[in-house]
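Let me begin by handing over the structure; questions about it come next.
Labels run A, B, C and D following the written order; every chain starts at residue 1.
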């Protein structure tokens, strides 16, 4: 059994991986660590876990937190994982970090990211960066194996955009500076902490854009798409919140470099994802939306061409807390321990 | 493997049991029957099932619908199951019916029910009624075994009220004519068919009472509570809809027959449900609500006493589509086939 | 023109009265006072007011806050209004306080209330208590005239229960200790401050009970009903939150003291409220709910009798921020200044 | 007083104009016409109007429906207004039509529109088309005067896109074939009729794209933008539904034709709309969204430039039932009768 420790267990990212680990056939939860609610069983914070995960949250200094494990999930904001990484690795465990700390594997690319989002540009563990891999299995499956020690779990918006555009940029279908990512997220993407903008009365019948000056996921989107394209890709990115709980729907646009029919593009997409169990490709007639991936690790793509304006249009749907966070984290764990990628993740969700 | 057929597969009740059967270790779906959407894979109607249940819906007359199975779920409204029952039994299968058709096991008690809700009082298969059992395992576990052929799956509101009040009436704690059931349901309880009252703009910020003249679940509530009490119990019942999707919260009140402390009542409740894995008992300080049973088969009860007014107050929470419908149906199937009651049902749900 | 000052202008109670005053034909806003967001135009906090109320929020110590006005609304929590009252009165203004500070007009009744909710039992201005009137115009219209200086604006749940039960208790229709108030509120009732329970992801598909040990509005409900009944009335009260923004729906029950038909009770109710423009009485067949009073000062009552169990059942609907707060406050202001009670309040709301 | 008749009174478009007319100082409702719910007071269908509009709905053949009026609102789908227009004009009344019937003023441009949406291309009253004006006052105020007899009220999405892009295309700021309109609407835009996609359980936590093959509002958007640009403009348009009731948020993008700063563009926008009371222009730091125009006739624009990708980005917010429908209709009526454009429309809305 894979022994797992979750740091930041009390947040949505933490409880998400706990839910998945609790029913995973090859893993068990060894410790839940957080700096708030210390001493409380996780099921006190999340009563639905009563009888399923009554493990107590411990302080990072607690001996329970320091026991030997096989994998550590740092479900923590930027700046935490990088400080813990060396200790995790020294203990023999692997690290799967939710933040931007290990999404970039050179000190320089990290510094560019950090600078864009206004953080300290000096990484706390620059020597470890080359060991990290960007944890989007659909693109980096080959680098996610048992020799890998550190994974930078991708950002939720980034997952939706990268999966939605990679086949197109790889095949040179769109002008590299023409790409627009118009992205809507459900509110759970903002995490567990209450704030004015996510207070029910202020949110229930409301939609709005935010961070127009620049969103932290743009760097990784452009890096990954540029890698696929073999040349620089730049995106115009608009983050939006709408009153759903779970779900991201990204409308992705690019100026086509040539006349091509939707059917042909769909073929290229299906081919690109043929070994990827969690990506499904649909055409413009599909009546799907965010609810059809809720609670699952799937990414559903509608691939379309607007011939009148010569635009590629892709609509990408994920559950921001699953494929956009804990689901990808578990998928990465599976790969790092030589398990089938889908272990413990092949669930359809519930409807309605 | 238990071969299961679902009649009325295209509705919420149908897809609910399909979701559960699809991941059940001892059952498989043999046929999906409905009178609409015939020929379409269920995953066309419910795209989240793509890859999980792509079985085509067939017409009742289709040979596929007529194949031999071990259990038939009639996820159909009143009046359908009673017409199909004899044929199901003759084929050697067991019947689990979602409607009121087999919740009463004499022609007379059925007639009283039918009369109260304005239906034809003559049952279509009166000879089968004595074979039926009311499918609430927590009260009738002993009658739900491999000899049983017909189960009348309980009504959603009824489950919440009966589980919330049975220990109290059994112990004679409340005046039998003083009981009030103030019940709020999520909208999914009304099923899949669009209607004016459940149209999103008319519902999203709206709560209302309905059927003040009498709700169809009152008969079974009074019958079951009277059985537990050993004497007639009558309830004042108020059905309400609130803008949640899944969930029932019933506030249940009764005039206490004696001074008793909440702790003592809680003790009686825990004792009553000690063999029932899906019932959890909490005190008034629990911070729980409908979301903590969403997607699960649990019934969470808050048991409380208002000493100032000498009232028992119980708050009962279930997922109307799970413990209130498909979950109970699967629990009943498990019992009818000699499996542990919790098989395929021990899930915590997801949060948020 | 009535010059009005609003203290606590930045909260939902504050912006509610501002919206009403901004379109009132006989009043104008002279000052907006708060301790947070000082210096910001109210339309910065509430952009819908851009061009309608761009007045800056000032600190209580600001000269603008100290200018002479005719009426002061203290849209503040318990304990604030009582400290400011003497100064308001000395300046010649009238005080309409939103909290429990002036809902009780003897030091002793205040102390009982304060004790029940765990506050300091000594009132800060006991000498002023006899001057205060409970600001529910439908019951105390006669005491709300130009000589009145202090109004204790009623609690939102209290308004719904008192209006729903007053005619019944006045006519002795129900047993005085049998009354049950099962009350559901929308989330805006909790005010503007974000908190865990009202964070969108934790609230959107959730309903729950709270404060089972005792809600602060019970005292005033029992006091007012006892006054109407001419004898003690005690209520069992259950506060609940459901995911609507604005709205209270209270289901009110009482054991009937005699056989009486619903029609007769409805007649008594219509008679009781015949001079009250904001109360509408419906029978059990009305298809109404909380959305039909949203944004308005109306209280819609469904009056019903359950003959089988000999219970009175009344369903009371208000907008918690209007009739339950700012609307009643403005209604009270109108009466205190000799205006028709409905001035600036006769609005239908919008649908959907 | 302007005597108004509303045809299609029972739908959301009908009740919207009724709400506005009921409080308009210079108009009164003379007749409500519909083909369903005939004989019922409008307040039966919409109980919030009890006491505000209890006028009975009459059949088109009813004498009440045929009385002389000054203005007729046809709150009806495509194909109805064109058949009634001649009779309305002959009676001396003006016609304000909600559908696409009079948004195009040549038989040919109508035929192109009709063909794109799959309707009969022959207009029923081609002779009247040259008399019609497109009822977006911000662009056609000069043509909306007392001589005007027919107004084609604009489509809701179209209002948001045209107002959001007109200043930019007029000033040649964006490449005319590069424009992308990524538009999200609340559910009320689909009208009152229940359907599977707007059934609460299927909608509450769901967002999706629809009509990818072509939306009926594209024609009028391109026509109006082309008029402003003085040359052909083509847009890629993506319609989306999100779970809000009222509100449209359109994210509008265009490739800039030159380097220009956001401040400068904002200046051009403010200048363009300086006589338009209902358009407000904000910069990228504004924390506004759809809720801040709910229940109002405003269009709030965020105007932004993404210098990294040389894109113009405008976010346009309206209430689809107000500025997107009934509000614009009333604004048009005001102009047609020589009243100030804002009469009866200058309302801030309520929050939350």
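Simple rule for what comes next: a residue touches a chain if its C-beta (ideal position, glycine included) is under 8 Å from a C-beta of that chain, and two chains touch if they have at least 3 such contacts.
Note that the structure is a prediction, hence the values are computed from the model and not measured.
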| item | value |
| --- | --- |
| Pair of chains joined by more contacts [C-beta pairs], A-D or A-C | A-D |
| Label of the chain whose CA centroid is most distant from the centroid of chain C | A |
| Gap in Å, rounded to a whole number, between the CA centres of chain C and chain A | 46 |
| Gap in Å, rounded to a whole number, between the CA centres of chain D and chain A | 39 |
| Numbers and ranges of chain D residues touching at least 2 other chains | 12, 186, 188, 201, 204-205, 243, 245-246, 287-288, 291, 294, 352 |
| Interfacial residue positions of chain D with respect to chain A in the complex | 177-178, 180, 182, 184, 186, 197, 201-202, 205-210, 212-213, 234-236, 238, 240, 242-247, 249, 251, 253, 255, 284, 287-291, 294, 302, 304, 306, 308-311, 313, 315, 352 |
| In the complex, chain A residues that touch chain C | 12, 186-188, 192-196, 198-201, 203-205, 243, 245 |
| Partner chain A, residues of chain B touching it in the complex | 12, 15, 19, 22-23, 46-53, 188, 204-205, 245-246, 280, 286-288, 291-296, 300, 347-352 |
